[in-house]
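Structures are listed in the sections that come next.
Heads up, the next two complexes both have subunit A, just with different partners, subunit B and then subunit C.
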Partner chain A sequence: MATPVLEVRDLKTYFYTDDGAVKAVDGVSFEVGAGETLGIVGESGCGKSVTSLSILRLIASPPGKIVGGEIRFEGVNLLDLPDAAMRKIRGNEISMIFQEPMTSLNPVYTCGDQIMEAVILHQKVGKKEARQRAIEMLRLVGIPSPEQRVDEYPHQLSGGMRQRVMIAMALSCHPRVLIADEPTTALDVTIQAQILDLLNRLQAELGMSILLITHDLGVVAETCDRVAVMYAGQIVEYANVDEIFHHPRMPYTAGLLGSIPVLGEHHERLKVIPGNVPNPSEFPSGCKFHPRCPVAIDRCKSENPELLEIRPGHMARCLRAGEVEAGTLDLARAFAGTGEVAS
Partner chain B sequence: MGASTATPRTPWQLFWREFKKSPVALMGAGILALLYLSAIFADFLAPYGMSKQDLDFSYHPPTPVHCFEGGRFVGPYVRPTEVVDVGRNKYGVSNAPRSPIRFFVVGKEEPWKVFGLVPTTVRLMHVDPPAHLYLFGSDKFGRDVFSRLLYGSRVSLTIGLLGILISFSIGMIVGGLSGYLGGGFDMVTMRFTELILSIPALYLILALRASFPMNLPSDRMYLIIVLILAFIGWATLARIVRGMVLSIREFEYVTAARALGAGTMRILVRHILPNTASVLIVAATIAVPGYILGEVTLSFLGIGIQEPQASWGNMLTDAQSVRVLKSFPWMLVPGLFIFITVLAYNFLGDGLSDALNPRKVLGGKS
Partner chain C sequence: MIESTNAPGREGSAKTGELLLSVKDLKKYFPIRKGLFANTVGQVKAVDGVSFDVARGEVLGLVGESGCGKTTTGRVILRLIEATAGQVLFEGKDVLALGKRDLRAIRREMQIVFQDPYSSLNPRLTVGSMIEEALAIHKLASGAKAKERVAELLTLVGLSPAHARRYPHEFSGGQRQRIGVARALAVDPKLIIADEPVSALDVSIQAQILNLLKDLKKDLGLTYIFIAHDLAVVEHISDRVAVMYLGRIVELAGSRPLYAEPRHPYTRALLSAIPVAEPSRQKERIVLTGDVPSPAKPPPGCPFHPRCFMAKERCKTDVPLLREIKPDHWSACHFAEEMS
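Moving on to the complex of A and B:
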C-alpha cells in the first residue's frame, strides 16, 4: 500500500449527554493512502459521519468531544494543532462534501461567491482571479455554461448541479484529501452514477485521496479501493474491496451483503438483518452485534472481540472469524436462514 | 422558469415582483416616501420659519384658501383676518384686500441652507402681511402649525430610523453571538434581555430619562432620546436574531463553511446573519413606529424635545387640555400625522413580510 496521507489511530469521539457519555466513535483506526479511496460503510447511527466530522474537528463541543486517539495528516497530528492552523487545513488540505445538496449551499450567495470563498480564504488571490478560478472549477465538475452559472443562486440549480457546485467548492484549493459524507444519498440513481464518475475522474486528474462515507454497498463497489465496515462506533471489518465483497469474515458484513437485492432474483421481501443498530447509550455487553447475529455463541455475550488480522490485509472483529476462514461456518447461509424467519 | 431562463432574476427583482402585488404596501411605502421627502425639504415647503411667532394671532383657525372671486378665477389667495374677541381667540375676515399666495418667493422669511450647504431664502409659498397663511391653524404663540409640523417631522421621523439603526446593530451582534456561541455568553445576555423586557417600557424610558439633566439643548436631547429608545429596543431584536441563528447554525451550509476553513466571525457575519435579513427587515419596519411613539411620548410629557424646537410630540402637549381640544381642534393635527405614519409603517412591514417570505410559492399565493 502507498504511504498513508491520512492516518487515524484509535479515534474516540464521545458525546456527553444527560444519560452519560455516548461512545459514538470508540477506537477507530484506518489509513488512507495517496490517490486511494477508502470507503466507510455502515447503517445509520454507526458513527461513520461522526468519524468524518472528527477528522476535520467539526464536532460540536459541547456535547461532543474527541477524547482520544490521533489523526495524522502527512505525519502531523491534527488534534494537537491550534485552531488557526486547523482552519488552514480545512478546505485547503482536507475538504469535505456533504449529503444534502439542498442545504449545504448558502441560499443568499451565488454559486460563484461560495466557490470563491475557499479560494479567498486560503490563497492570496484577488476577487477577479478567484472568480476565474470559480468558473474553471465549475467547468471541471462538468457544469455547462459555467460563465453564466457562476452568477446563479443555489435555488436555480437542480440537486445534481448543486452537488457538483459543492464538489467544486471542496476542490477549489486542490486538497490532498476529500471526505465525501454520503455524497450521492440524496440524489436519484442516474445522477448518483454521474457524481460518482465525476469523483473518480477528478481523483485521477488531481491525484487526491478520498474518504467515502456511505451506507450504499453499490457505491462502495464502484469507487473504493479498500473498505472499513463500521458497526456501533467500531470498525468490524477492514479489507480491500474484493475481499469484503467475496470473502466477508464478519457476520455483520455478510448480512449487509446479503441484504442487497439481486437483479433477476425474485424475493417476496428484501432480506434484512433483524433488529436495529443499538442505541449508543446502551450498547450490549460483549460483541455489540451479538443480539442480531445468527451465528452468535454464548462467548459473544461476554467477550468483545478484538479487530484481528484474519488473513494478510484483512481484519475482522469476530470470535468466529477463524471458523469462517477455515470454511467450517457459512455466513451467507446463516443469514439466508434468519432472513426468512424474520419475514 | 428558473434554470431555463436566459437571464436569472436577481433577488431584488424577485422581491420587487412580489412587493408590487400588494397595493396596501405600495401605499405605505409611498406615504412614507412623501413624509420623509417633506421632512428633508421642510425649509422650502414651510411658509414660515420654525419659531416665527405672531402673538396677536394665537390659536388662529386654519386659513381657507380661495381661488375664485365673484365667479372669476384669480389664482389661490387668502383673506386677511383680524381679531374679533381676544379672550376667546375669535377671528374674523378683515376689510383689507385679498392677499394672493405667491410661489417661490425669495427674501421674505428667515434663510436656510440647501442640504446644509447653499444659503437661500426661497420658500414654496408666501402671503404678504397682514394676511397669514395658516394651513393647519396656529398654536398658542401664533406659530404656523403646518410649518412646525414639517420641521417637527425632521425630529420625529428620523428618531425612529436612527433608533432602529442602533438597536438593530446591537441586536444583531448580541443576538448573533448569543445564538452562535451559546453557553455562558448566551445565558448572561439572554437573562439581561429578559430583565429589560420585563420592565414596562414607559417606566424604563422615564427612569432612564430621569438619569439625565432635565434641561438640555435640543440636539443633545435628541441623541439622548435615541439612545434611550435604542437601549430598550435592542432586546426584542436580539431575541429574534438569536432564535434564528439557533436554527440557521444547524444548516449544513454552516458546517460546510467551517469545513472550508472559515472562522467564527466570518461564519457569523457572512453565512448566518445574512440569512436572518428577511425576518429582521420586517421586524425592524414594524418596530420603527414604536420608536416614533417613544419620542412622541417623552416630548408630550414635556421631558423630551424642548420648545422652541418642534416635534410631533411636543406639539401635542398643548392638546392635553380639554378646553384647547374643544375650542381649537386643529391642535390635534400632529396626532393625525403620527397615526398616518404608524399605519404606513405597518402596511409597509406587512408587504415586506409577504414579499420576503421564503415559504411563499414563487409566483403563487402563500
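Moving on to the complex of A and C:
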C-alpha cells in the first residue's frame, strides 16, 4: 500500500447517556493510502458513521466524546489541533458528502452560493473567481448547463442532481481525502450508477483518497480497494476487497455475503444470520457477534478476540479464524443450515 | 371465470391454478392545483394504463424506480386510493365498484404489509391488541379465542406469544416487520400486497424476512404482489416480474427469462446498474443519462426515449404498446425483437 494519507489509531468515541456510556466506536484503527478507496461496511448501529464524523471532529459534545486514539492526517494528529486549525482542514483538505442530499444542502441559498462559500473561505479568492470555480465544478460533476444551475436553489433539482451539487461542493477545494457517507443510498439504482461512475472518474482525475461508508456490499465490491467490516463498534475484518469477498475469515462477513440475494442465482431460501443487530447501548460480552454466530464456542462468550493478521494483509477478529484459515472450519457450510440451495 | 383478453397472461398459470386478481387498464391521475381557487392546472399520471393478472399461489413482482407508480398501483388495488379509471377484478368481483360493506368484506381477502415498520404500527397499542383489533373488526374472534389466535400468529411469524403484551418500540426493525406480517395474516387473507417490505431493514435482517414470506406463502397458500425497487430481491421471491416506468408496465415476464433475456432497454439498463457483490466481475454497465422525467410532464412517444440508448426517430412520436413478443414475455418497446 502507498503511504497512508489518513491514519486512524485506536479511535474511541463514546456517548454519555442516561443509561451510561455507549461505546459507539471502540478501538478502531485503519489507514487510507494516497489515491485509494477504503470501504467501511456494516449495519445500522455498528459505528461506521460515528467513525467518519469523528475524523472531522463533528461529534456533538455532549453527549458524544472522542475519548481516545489518534487521527493522523499527513502525520498530524487532528485531535490535538485547535479549532481554528481544524476549520482549515474541514472542507478543504478533508471533505465529506452525506447520505441525504435534500437535508444537507441549505434550502435558502443557491447551489452556487453554497459552493462559493467554501472556495472563498479556504482558497482566498474573490467572489467573481469563486463563481467561475463553482461553474467549473458543476460542469466537472456532469450537471448540464452549469451557468444556469449555479443560480438555482436545491429544491429545483432532482435527487441525483442534488447529490452532484454536494459532490461539487465537497471537491471544490481539491481535498486530499473525501469521506462519502452512504453517498448513493437515497438514490435510485440508475442514478446510483451515475454517481459511482462520477466518483471513480473524479478520483482518477484528482488523485484523492476516498473513505466510503456503506451498508451495500455490491457498492463496496465495485468501488473499493480495501474493506473494513464493522460490527458493534469494532472492526471485525480488514483486508483487500478480493480477500473479503472470496476468503472471509470472520463468520459475520461470511454471513453477510451469504444473506444477499444475487441476481441470476436461484436459491429457494437465503442463508441468514439469526437474531437481531445489537443495540449500541447493550452490546453483548465477549465476542460481540457470539449470540448470532453459528460457530461460536464457549470461549467466545467471555473473551473478546483481538483483530489479528490471519494471512498477509488480512486481519480478522475471531477466535476460530485460524481454523478457517487452516481449512478445518467451513464458514459457508456453517451458515448453510440456515437455508438450502434448491437449484 | 373472467376472460382477460387485454391483460398480459400468466406464466405457469396451469401449474399455479386459476386467476385470483385481474387488473385492467388501471389509471390514477392526481390533479395539480394552483392558485387561490385551487384550479386544476395539470395532472400527474401516476398510474397510466396498467394491466396484469395474478394467479392463485403466485408471486408477482412489481419493480421500478421512485415515482414509477408501483406503490400507487398497490394502493389503488386495495382502494386505499380511489382509481381514476380501469378495473380491478378479485375472484371475479369488481373491487372498484363495491359499496362500503362489500369493500370491508373484500379487504379481509386482500391485505397489505408496509415498507416502514416504524411508522406503520400504532405506538400506543400493544402487539396483541393491534392484532386483536383486526380480528374484532372482521368479527373473526373475541375474548380467549382471540388471544389464542394472536399467540398462534406470533409463533407463525417467528416471535413468541409473550410478545403480545409488548409495545412496538420494544422491538427491532426486523421484529416489527414480523408484527406487520402477523397483523396482515390475522384475517386469513388470500392476497398480500407487500410494499417494499424489506427495504428499510438491515442486510442481515432482510434475508430473514424474505425467508419468512417464502415459508408463509408455501404453508398458507398465499398469493403476493411484491413491490420493491431492488431487482435482486424481486427476482429472488417472484415467479413473474412487471417492470414499471412512468406509470406504465414496460416489461412483464417470468422472473428467470426477464433477468436472462430482458426485452426492454430500460430493464437492461436497470439490471446493469445494480452493483454486484463480486469484485472480480467486470461488467459492462449501461449508464443511463438524465433523470426520470416528471410524471406530470411525460415525454411524448415512448416515455423512456429521452434516456434510451437504443432510441430511434420513431420512438419520439409513437407510443409503444405492451405486446407479447414471445409466449408469456411482454414488452413495450418498438424494437423488442431486435434485442437478444
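Going forward, the second predicted complex is superposed on the first by the 332 of 343 C-alpha atoms of A that agree within 3 Å, B and C clash if a C-alpha of one lies under 4 Å from a C-alpha of the other, contacts with A are read in each partner's own complex, and residues count from 1 in each chain.
We take it that contacts are C-beta pairs under 8 Å (C-beta built on N, C-alpha and C of every residue); 3 or more make two chains touch, one makes a residue touch a chain.
Everything numeric here is computed off the predicted structure, so don't read it as measured data.
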item	value
First (subunit B), second (subunit C), both or neither touched by A:Ser104	first
If touched residues of subunit A are counted for subunit B and for subunit C, the larger one	C
Partner chain in contact with A:Lys12 - subunit B first, subunit C second, else both or neither	neither
Which of subunit B and subunit C A:Ser158 touches, first, second, both or neither	both
Touched partner set for A:Arg72, first subunit B, second subunit C, both or neither	neither
Which superposed partner A:Glu43 touches (first subunit B, second subunit C, both, neither)	second
Which of subunit B and subunit C A:Val277 touches, first, second, both or neither	second
Touching partner for A:Gly255 - first (subunit B), second (subunit C), both, neither	second
Partner chain(s) touched by A:Glu222 [first = subunit B, second = subunit C, both, neither]	second
Partner chain(s) touched by A:Arg139 [first = subunit B, second = subunit C, both, neither]	neither
Contacts on subunit A seen with subunit B and repeated with subunit C across the two complexes	158, 161
Residues on subunit B engaged by subunit A in the complex (per definition of touch)	2-3, 8, 11, 183, 251-253, 255-263, 266, 270-271, 274-275, 277, 358
Residues of subunit A touching subunit C in the complex	43-44, 158-161, 188-194, 196-197, 215-223, 241-242, 245-246, 255-257, 259-264, 266-274, 276-277, 279, 339
Complex interface listing, subunit A residues touching subunit B	53, 56, 58, 62, 87-92, 95-96, 98-100, 103-109, 117-118, 121-122, 151-153, 155-158, 161, 166, 169-170
Touch list for subunit C against partner subunit A, complex	65-66, 172-175, 202-208, 210-211, 214, 229, 231-233, 235-236, 256, 259-260, 269-280, 285, 287-289, 291-292
